[in-house]
Structures are given as structure tokens and as C-alpha cells.
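Chain nomenclature is as follows: A, B, C and D, assigned in order of appearance, with residue numbering initiated at 1 for each chain independently.
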Amino acid sequence: MNIFEFIRDPSQIGPWFNEVLLSTGMQPWVANLIGDIIGVLLVVIVVLSSAIMLIWLERKIAARLQDRLGPNRAGRYGLLQTLADIVKLLTKEDVTPDGADRVSFNLAPALMVMQIIMVAAIIPVASGLVGANLSVGLLYFVAMSGIASIGALMAGWASNNKYALLGGFRVVAQLMSYEIPLAFSLLAAVIWTGTMATNDLAIKQGELLFGFIPGWNIVVMPFAALIFFISILAEGERAPFDLLEAESEIVAGPNIEYSGLKFAWFYLQFFVNSLLLACIFATVFLGGWQGPFVDQFPILGVGYFFAKSLIVLLALMWVRATYPRLRIDQMMTFCWKVLVPVTLVVVLIVAIGARVTPDRNINAVIISVANIVALFVTLGIVGRSLRRDVERRKAALPGAYTAQV
Amino acid sequence: MSATIPLSWFLLVGAGLFSIGLYGALARRNAVAVLMGIELLLNAVNINLVAFNRYIVPQQVTGQVFAIFVLAIAAAEAAVGLALIISIYRSRDTVNLEDIDLLKG
Amino acid sequence: MVLANFQFILILALVGLALPFIGVGVAWLLRPKKPNKLKSSTYECGVETYGDAWAQFKAQYYLFALIFVIFDIEAVFLFPWAVAYGGLGFYALLQVVIFIILLFDGLIYAWHTGALKWQ
Amino acid sequence: MAITYLHLIFLALAGFTLLCALGVVASRNLFHSAIWLIGAFAGVAGLYWLLEAEYLAIAQIMIYIGAIATLIVFAIMLSRGMMIGRVKMNNFQAGISAVVAALLFLMLSFVLLQVNWPVVEQAVSVDPIPMIGEAFVTTYVIPFQVIAVLLSVALVGAIMIARER
């Protein structure tokens, strides 16, 4: 095999490497083990190095959206800012507060990092280029976010600090609540595509509807995609759902007692988690690595995939830099009284719509139209109940709300 | 591949987990600790179900389906049990099972 | 195949769990170590901390966790059904619709009694 | 019987699980018990995966670690004073329970090493997840619906009990 073949299709490197190892007379399990260790190290390196770029990008873009300059001292355009931060955090004193529970205090950041690294394993970057194409892929992703909530709860409890514990409670309540619409909007996509494995999801979305419309899930079920987007805003603890770091209320969430590198791990989890959520959105709803000529040149998939993920990530940053924070009661009410019932309705729409006619193209149109109708009906109902709420408050408090509402 | 591991090894782990869980459920004073023991018992049962599924009817999924049902029942049990514990704690200010011996609240 | 994935995920989990400790170990070599009483006291807004933080919290959080648990189990039941759905008939759809409606009842009850209202 | 590296993985996982389970029943601090419990759940998930039941391993992590363990930790925190240490954690029957548990373990292991299990040397089915999904709505449809009823009853009951009036 020549080098151009590998550039054209990088997913062949793995099997080729395995063959090379086997040809040296190695036991098969040793060859597999070496291959797996190299794969794991690649995943970890990609995660850590993407974090360095990502933190700079996020700070710069948030600054520009808010008419600030952002990091601009270390290196050109402040590109070296994150490296400078790493050096600072490494050389910072690490304080463990009195009365902290040492075991859980040290375990909590490790759990946070473990979550992001484990989720990174199922992201298909190009055709076949994925850490592990698990047959339970999407459910694995949902299960891993449970580890992050355990980590946050542990950090909050171990710090022996009231703010940290309150922050831990809040963040877990938030992560849990929004995990339900997250999981059920994924369920809608699984019903339509019939697989949970991430790479197979991307393959399935390569089919064209009526021969020319890309069969991405966002086309088939725009409302499910919107619900998933809102849920990843909350799962990534981003504004308007960043109650975790509501400075004016609870200082900084469960990680206030952490300093030095242990704090850095929480910080890393926050940024990389949003990138991974954006990648999952791109994989499930935007067709993953699908794009023109990807069959002939699978390497193009890497470009398509990162372009799609970056667009989602930019949308996340945009929302974060623009919207004010919600109150916790508004957030929980919105999740349980709006998102969860609506998501169940969307699941039913997709399940029924996939069975209306034997023709998949026509079913896709039916599901898509039903999704859009459901979106407008939901907006109508929510709008009406919000208006009624304002009316009620106006009646209760005459004199307030003189300005136009 | 995993058939190279003898079935009895998995069953031994199940038996060990069951015994530890039984000790936890019998010996602990705290109601939440007793509940944790019961969760260990259910896990031990599940290990056996899945192991028998793998070794005796590998082409079917009967054991796994039953294990998922056990999982769901364990969760329902934990939810109601912990709700009871919280409610008792609120009215009696204790969660020690030795102190909760009245039939009327 | 399943076991090959298992090995990968197992190594990944071990590395993921070990990595933060390795980082903290490296930092331990570099960083200053001068703890004192004031530094390691609990962070609060300037005043001395009163009592420990392990205080009682309201049952509201528990109620939300409860509803979450029920829906989580529902997801575990529905995901394999969704994968199999392509090869199943109308009867399968009917059963799942009943399943979802039965669980929806619980949510409506919670809504009705005000358990979903954050006080 | 040749010892392969799979045996070593099994022994490591089994040892980890049993160690964590011992931690659950031996720890004096209730919160530490909960952390050990999470470890034991993770170990059991690993064992499922070793038995090639991938779906069940993930369901175990999702339900036991993501949901039940969180519920237990919440309940511990909601009842103040439960984890403040130095109180006696075991009741008067601790000694006899230990004896009973040890005897039970010896008896079980004696029995299950005696039995000649009808083990089948076969590979698992290629794609078990659709089979599980199909079993829910065909063979096991009645348990499936009973579980739905049970879950909604559990939800209603637990809310009724736990609400502050």
C-alpha cells in the first residue's frame, strides 16, 4: 500500500498497522493491545490539543461579539494565551480546604475529565475513523453525562463549602432535567435511522431524499434538532443556562474551592464538553462526515465534519455571548413543562410518520411537515400561557409593568 | 471468546456479591445503607442472569431482557424506598432502623 | 467485535481516570507548597464560616431526581425498540404508544400536584 | 485450561467489584459508602461487557450510576447528620449476619462448583440490540406494559410520600 492510499482513506491505517504487527510474528492479542493503546493515546492527544485552540477561540469570539478585544498579549492575536494559562495553573499553589473530604475532593476532577475523554471515543471524524464504533453509541453518550453529574455532586460535597454544595445540587438538577429531552430527541433520530452506532448514523444519512435532498436528520426532523440544540446548551452549562456559575448568587458552582491544576480540569471539561456536544449534534443531525465526493476521497470527511461541528459550536458561543441568564425556576419549568412533553410528542410523530406509507421519501416529507407544525403549535401555546402569566401579574401588582411588555 | 472463562467464575462473583449485599442489608443500622446492600443483591442476581444467558443460550437474549426488567424494578424500589426514608426522617428526625419501631407514625 | 470495543473503552477509562492525577502530580513538582491556616479555610464572603456545609437541603431536588429516574428507565426500554423498529409491524408501534402514554400519566400527575413547580 | 489475558481482565474486574462491595458495607461514612457503591456498579458493568452484553453494560451505567446512585447521594444529603461519622454503623446482629453471609457464600460456591452446567460453545448473536427491542414488544410485551404501570405508580407514590406538605 502506498502513502497516497492512506491519505485518501485514513481509516485503512489501523488494519494495515495491525497486519504489520502480526507479520512480525506477534500474538494477535498483543497486536490488538498495542493498536488500542495507540488509539487511546491519539484520542487523548486530540482532545487536549483541541482544548487549547478552543479556549482561545471561545474567548476571542465572545469578546468580539461583546465589543471587547479579548486575549491579545501573549503571541500574535493572543494565540499563546492558553499556553500561558497552563503554565500559570501548573505553577499555582494547590490548596485543599480544611474539613474537605480528601478522597472525593481529588476524585471529582478526575471523573469530569474521564467523562469528556470517554465521550470523545465515539465521535466519527471521517468514514470509519472513530475510536470505537459502539453499537450502543448514542446511549453510551447519554450514560456518560451521568458521570459528570456524579463528579459535580462529589466536588460540591467534598469541598465542605455551602456555595459549592448548593452549586453542585443546582448543576446536577440541571444536567439531569435536560438529559431527558436530550435522550428523547436522540431517540427520534434513532427511530428514523434505525441504528445507535455513530458511524452508521453518518452512513445512513448519506442517502438522498427524492434523489437530490441530503437525507440529514435536521431536514427530516427540524424540531427534534432544535430540542437537541436547546438541551446541549443546558448540558454544556452555557448561557442562558449557566446557573452553575451565577456569580451573583452562588459564586462559581461546585468548583469554587479548587485551585491550580484541579481547577484547570474543571475548566477543560467545560470547554471540551461543548465541543463534543457540538460534534454529536453534527453527527446525529447534520450528517456527520457526509458531503460531496466523500465516497471517493474519505479524507474530505474530516473537513466536512469539523466545518459542521464548528458551525454548531459558533452558534453555541453566539447564544452564550448574547442572552442573559435564566432563573433556576424558569429553567426547570421550561424543561419539564415544555421540552419534555413536546419531545415525547416528537418521538410519537416520528414513530407514526415512519409507518404512514411504504415510501421512505414521502414519510420524510410527512415527518418534516408535522415537525414544523408541532413547532408552531408549541410556540403558540407557550406564547399564550406566557402572556396570560404577565396579565395575571399585572392584575396582582397595578402600577408595575407600566412600560410596554 | 469470553467462553474461555469458566461459567463458574462469574457465578462465584455473583455469589460473593450476594453475600456481601446480604451482610450489608442485615447488619447496617442506617436505612440508606440497608438500601445500598439491597442494590448489591440485585446486581448479583443480574450477573447470574447475564452469565447464564451468555453460556447456555448465547443465541438468544432472554437473560438480558430479564436483567433489564430487574434494573427497572431496582430503580423503582430505590425511588420509593428513598422517598420513604426522607419522609420518615422529616417526621422522626432519624434514619436508624432500630429507632423506627412504631407501627403508627 | 464487542470484546475488541470493550478493551478499547476499558483502556480509555483507565487513562481518562489516571490523566488528571498525572497532571496533578506534575504540578506538584512545580508548584509552591506553603499552606497556612487562613489559606485553607473555607471560602466565603469575608466573614468566618459558621458550621459545616453538610446541611439539610430541600426535598425539591429529590423530586426532580425522582422524575428523572423514571424517564431514564423509559429511555433504556425505548432505545432498543427504536433500533428494531424498522423490522417491526404496527403492533409494536401500538405497544410503545401505550407505554409512553402510561408514563406520561406520571408526568401529568406530577404537574397536577405541583411537584414540577420550583419554590 | 490455558490462562489468557481475558482471564486476567476478568480477575481484575471481579476483584475490583468485590473490593468496592466490601467498601460499601464496611465504610463508616455514608457518603464514602455511596462512592464505593458507584465503583461496584462500574465493575459489574465491566463484567456485563466481558459477557458481551454491551447494551446491558451501558444500561447499568445509565440507570445505576447516572440515576440510582445520584438518588442515593441526594437522599444522604437531604437527611442531615446521617453521614457525620463516629456513630455506630452496625446493629446488634452484625456478628451473626457476617457468619450467615459467609456460610451462604461457602454453601453457594460449594453447590455451583459441583453442578455440571450445560454450557454451549457458541458465539453470541451478531446484533443483540434489535433482538432485545423486538423481545420487548413481542414475547415479553406483558411484562413490558406491567413495568410501565409499575414505573408510573412508583412515580406517583414516591411524589406523594416525599412531598413537603
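Observations
In this text, contacts are C-beta pairs under 8 Å (C-beta built on N, C-alpha and C of every residue); 3 or more make two chains touch, one makes a residue touch a chain.
Just so we're clear, the structure is a prediction, and the values are computed from it rather than from any experiment.
Across B-D and C-D, it is B-D that has more C-beta pairs touching. At the far end from chain A, in terms of centres built from Cα atoms, lies B. The innermost chain, defined by the distance from its C-alpha mean to the mean of all protein C-alpha atoms, is C.
The distance from the centre of chain B to the centre of chain D, each centre being the mean of the chain's C-alpha atoms, comes to 6 Å.
Mean C-alpha position of chain C lies 17 Å from that of chain D.
Distance between chain centres (mean CA atoms), chain A to chain D: 29 Å.
Centroids built from CA atoms put chain B at 33 Å from chain A.
Contact with two or more other chains is made by residues 2-3, 5, 7, 9, 54-55, 57, 59, 61-62, 65-70, 72-73, 75-77, 79, 82-83, 85, 96, 110 of chain C.
Touching two or more other chains at once are residues 33, 134-135, 139, 142, 157, 165, 169, 172, 176, 179, 196 of chain A.
In chain B, the residues that reach two or more other chains under the touch definition are 1-2, 68, 71-72, 75-76, 78-79, 82-83, 86, 90.
Judged by the touch criterion defined above, the protein chains form a pattern that is neither an open path, a ring nor a star, and not fully connected either. Pairs of chains meeting the touch criterion are A-C, A-D, B-C, B-D, C-D. Interface of chain B with chain D (complex): residues 1-13, 15-24, 26-30, 32-33, 35-37, 39-40, 43, 46-47, 50-51, 53-62, 64-65, 67-69, 71-80, 82-87, 89-90, 95, 97-98.
Taken in their complex, chain D has these residues touching chain C: 6, 9, 46, 49-50, 52, 54-55, 59, 62-63, 66-68, 70-71, 74-75, 77-80, 83-84, 124, 129-134, 136-138, 141, 144-145, 147-149, 151-152, 154-156, 158-160, 162-164. By the touch criterion given at the top, residues 1-2, 4, 6-7, 10, 14, 17-18, 21-22, 24-25, 30, 33-34, 37, 40-41, 44, 47-48, 50-53, 55-56, 59-60, 63-64, 67-68, 71-72, 74-76, 78-79, 82, 88-91, 93-94, 97-98, 100-102, 104-105, 108-109, 112-113, 117-125, 128, 131-132, 135-136, 140, 143, 147, 150-151, 154-155, 157-159, 161-162, 164 of chain D touch chain B in their complex.
Across the complex, chain B is touched by residues 3, 59, 62, 66, 69-70, 72-73, 76-77 of chain C.
Against chain D, the residues of chain A that register as touching in their complex are 29, 33, 101, 103-104, 107, 134-136, 139-140, 142-147, 149-150, 153-154, 157, 165, 169, 172, 176, 179, 196.
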